[in-house]
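Pasting the structures in now, so scroll down.
Okay, so subunit A shows up in both of these, paired with subunit B first and subunit C after.
Moving on to the complex of A and B:
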């Protein structure tokens, strides 16, 4: 009896298994056309985003081009020791984080202010301002660097002409690290404000219009409307963008830092970031070990930061958490 | 645009008028900051070498000359090659990118898709984590053997998670009934997407299309990393490297080597600016065609999924 029931159970179990397999197969077949449509992107992301994740193992190896990835011997933490013993890396890390913090805070404030102002304008003005504010977003950092050169050139630049018009000594901008934090911050904000402004403006356009009308009837002034309706309605967007940017806090905008500074080694103390450092380590020194160790450190710390930020956001307001 | 109607109809109080004027002033200042550098670049591309040396870069040249452009087009082989590479990579990349990114975003927006959660996570994860420069460099140059191949300039930029999410955010607003009824009419998933969903999604396609276009047109980093033959580099990279060459032309070494004859001063300073115009001009001309869709296409609504 016991045997039969045991047999029975396994029989039913088997049936259920087959059943669920069947259901799985059915679901798969039913969803196949959609899956096929997503497939090209899935493959591209796999090749260019997932395969490079092997790089997280790379710094633990003593990579050589001849042996390839799999046959290269293990190196333990050697590469990391080299990385962190290096003062240039410490400076680059400090620069990267400080610049990004300023970019996140100031960039968001400027973008939100622009969005709020555009939201108050009638649409014909919006179009005009939007076109002009977007201009810098449309050019590469290479061209932008030449625009900067027009202002900062030692002999022919507009700023030095202005200084000498006021009887002041011209400044050799490209040899003076202390001016560069300001220059790079202005450049980054200048280039991104149109695009980011429009992201928040688009979010504002999605706000329920009746809220503003109701607020008006209740006698709320402009600033109260902004504070109690506009800002809260774009808050989820601000939080999402900020969390994503926090995850990139160890990554600098290579184009900006490489082109604007003309890659001048005189300026490294205030302009070298992890990305430019890794690039030099890889291309000019050919040091795969150290540059991949730096890559590892950027990716892992960034990921931890995103998770922690998200956790904090979820604690405060669960609806706004990214995941 | 309902909001605008609401506001135009209002009678503004004095306080609000003051605020409005203040906002206009601020926006005008910001707009001038965005426009002015380009005007100076444009202006100084028409300046003569002597004038720049004498009085610096100017928005309005005292004397107008085309020497810089003449110099640029005197030996245009490099420039034409770079235009060719840039246009080819931009076209292929943008078209493939749009096709792949939009269809993936569409699938992610479909609430009845069984693997929606997994797919969203798969796409989203790439925004949080990446392998970095070194493994990508080895992947492209060693494993895919794309060193010095223009596909190294195309393939890495085709699919980005951000663009997929932009598309998805837009498609989330497409009414489900529309797709249901298309399917009742006997259309398959793919043709429903192409014939019904795509035509009403112009803003999303225009926005993401423009972002892709910009990305490919302005890209110089991959040329720097992967390209060795000078005839395969893109415009932006040429702009970077030509500057060095121009500086070389005015150097004593070039005189000695007999590349330039004595007493001849090349319009190098203005040639830089002319080159900037040649590189950035086309993209600035394209923008107005996309602009009217931009705000609608930017609804990055549901990043979460």
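Moving on to the complex of A and C:
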């Protein structure tokens, strides 16, 4: 599937020739400006992602302001204990994983469909649609929560007005946990579809136009083209995006689950996630060791999942694996 | 090629510039002649910081030779931001502690300078002379004092507040109300005749029980008769109260979505409630709530509360301070100098408040009218800085009210456990879990907005057990017994 152009071939050949150190040095010198362009990002990454790594000892410490970072006594796994063996955290973990799974699957489908539609559209309108779809991405959940109240408010909400117009009982939305999986999924997809759609759209733009021309000549219809050309050509992108999202599966969007639900505690059975649970549990305690333990737990599980997913991808189609 | 190299270099320099700029800025602020005081800001905006600081520094600089810089953080996020400041050991001189847990934790972890008798004698004689004995008990952690307790109202006198217009319209004898249960006929009248009004705001205080006092430990309450901490939900009094709330909720007296309406002040100001909660203290003529909510109100007192160790409101000298003695002297001078205290709280004359000539003449001392509502430019509560009683008479507190509050402090019943502070450290996992469960049920009980009371109560009790409330309770009672022995009570 991957098209190897002439230029790439010559590059590969050149690489194969590189054996001696001298040639390696020469290539490095030749490409120095390009390498240098990456330097700011490398420095940035180093400062903000690698240097703070020493913080990973915090979850295992009984942090004391006086003794500071390194001298505080070790706490073993004590700081992790509140993340296990209680009902609330089991519910929160279940919610976090289930929501994220749905977000990944449905979100990807919607985004790909949007990308395909944008791709089929005449370029005159594309910009307008793109902007419109992208807009929700910039709206903060706090603001979105107020917008949602226009629909969900118990007295003045559009939905309840509609229900009473049909002679039905109005629903106290913020007291009824059973509706919230649907509401949250709609909200998340509404917010993310433009952003993800544009990523896939950009990937589609990179496909070789001649493939479509050839398909047309061979008599393939629009749907056949999509099925046999468009989707396969953005498949690597879909897989990469999915693997990256799987790594975040233990993190919930705090804004969505805390602000958008107005932190209504009657909804917790379907809206409580690890992040909101940890926030609630530690808000008065303010224990640094325990809060970093929560972050550590989420990160490690996410990391394991990424590696496993990648392994699976490599088994099925080695070309698309991340590493 | 060369120009590209230079470009890359420039880029690298440009990237590090903000870092340099940052450190420079810090050096300018952190000069040793400035005392940095972190304080919470209760008003929507505090725009005249510059003029207030200039006015206050006239006095402070002359007397102490240092400058004061107030760092204001809004009330809602204060505790959270203070937590970050403490953990990262930021340079502070005076740190106002708004939360009891945070104060205890900070004291135990060495975030503050211990306030010894020696220090007080040398640098804060006024504070030592003015503070009452139990104020030091309130600030004690592990037997030592780690900060200056704000001198305010320790025995809160709660009140049920009524919209005056409606009380008069339906001719309701609000003065006979002594607890929430007395309200029922009135709430029903409102429900039937005023379709645009909500009868009851859920935060409305109930008649204070003489038996139960301290509620600062998640899930527990202090029983004065047995001197033990017991699970709050297991007590008959609280169950009864919550059952009543649920009854009111089912009857439609409390808004259906009450559990999401958390900003009580916003709700009160909306003017949509017939019965509301107080602003913190009962005033006989209803002037406090009338001023705060913006429409005529009347109040019915709900007894007075037992004085407990209570929340924090403690000014601590940070361990990171380079001149802790000077910081203490600043605190002392604020306690000492009426004008300075009122400047920090009310602001500057002509900008943030006006003098009320008529009233001043009437009471024979200064009375002021602070800008309020949208025109407000400054306003921080006096008792966060120093003694509340030095406040100039204003709509915030009339002189009569101030005198009454000061009196109440002296005569109110005092809890047997006054001065005891719980240390959650040994059971922090359980405590975190219990806090999380409490966070879930607390508002639901207060609003009564569950589907079925009995099953919800049973469920909440079960969840608390599951989270380990028994472990927390045992630890609290163990610490209490130890504290009692250590303090010879």
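By our rule, the second predicted complex is superposed on the first by the 261 of 323 C-alpha atoms of A that agree within 3 Å, B and C clash if a C-alpha of one lies under 4 Å from a C-alpha of the other, contacts with A are read in each partner's own complex, and residues count from 1 in each chain.
Note that contacts are C-beta pairs under 8 Å (C-beta built on N, C-alpha and C of every residue); 3 or more make two chains touch, one makes a residue touch a chain.
Source: prediction; values computed, not measured.
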(message) Touch test for A:175: subunit B only (first), subunit C only (second), both, or neither?
(response) second
(request) Answer with first, second, both or neither: which of subunit B and subunit C does A:295 touch in the superposed model? (result) first
(message) For A:151 in the superposed arrangement: first (subunit B), second (subunit C), both or neither?
(response) first
(request) Would you sort A:139 into first (subunit B), second (subunit C), both or neither based on which partner it touches? (result) first
(request) Look at A:82 in the shared chain and tell me whether it touches subunit B only, subunit C only, both, or neither; answer first, second, both or neither. (result) second
(message) Just to be sure I read the superposition right, which of the two partners does A:40 touch: subunit B = first, subunit C = second, or both, or neither?
(response) both
(request) Look at the residues of subunit A and decide whether subunit B or subunit C touches more of them. (result) B
(request) Classify the contacts of A:285 with the two partner chains as first (subunit B alone), second (subunit C alone), both, or neither. (result) second
(message) Tell me the contact category for A:25 with respect to subunit B and subunit C: first, second, both or neither.
(response) neither
(request) Kindly list the residues of subunit A that each of subunit B and subunit C touches, one partner per complex. (result) 33, 36-37, 40, 44, 65, 68, 153, 282-283, 288
(message) If we count contacts the way the header does, which residues on subunit A are in touch with subunit C in the complex?
(response) 33, 36-37, 39-40, 43-44, 63-68, 78, 81-82, 86-89, 153-154, 172, 174-175, 262-266, 268, 272, 277, 280-288, 290
(message) Under the definition above, what is the set of subunit B residues touching subunit A in their complex?
(response) 1-4, 6-8, 15-16, 19-20, 23-24, 26-27, 30-31, 33-35, 37-38, 40-41, 44, 52-53, 55-57, 99-101, 103-104, 106-108, 110, 113-115, 119, 122-124, 126-139, 142, 144, 155-156, 158-159, 161, 164, 188-190, 193, 214, 217-221, 225, 236-237, 239-240, 269, 272-273, 276, 279-280, 283-284, 287-288, 291-292, 294-296, 298-301, 303-304
(request) Mind listing the subunit A positions that touch subunit B in their complex? (result) 27-28, 30-31, 33-38, 40-42, 44-45, 47-56, 58, 65, 68-69, 114, 117-123, 125, 127-143, 146-151, 153, 155-158, 160-161, 190, 193-194, 198-199, 201-203, 205-206, 209, 212-213, 221-222, 237, 240, 244, 247, 254-255, 259, 275, 278-279, 282-283, 288, 291-292, 294-296, 298-299, 302-303, 306, 322-323
(message) Show me the residue ranges of subunit C that touch subunit A in the complex, using the header's touch definition.
(response) 1, 4-5, 8, 11-12, 15, 79-80, 83, 86-87, 89, 99, 101-102, 105-106, 109-111, 218, 255-257, 259-260, 262, 319, 424, 428-433, 435-437, 439-444, 449-450, 463, 466-468
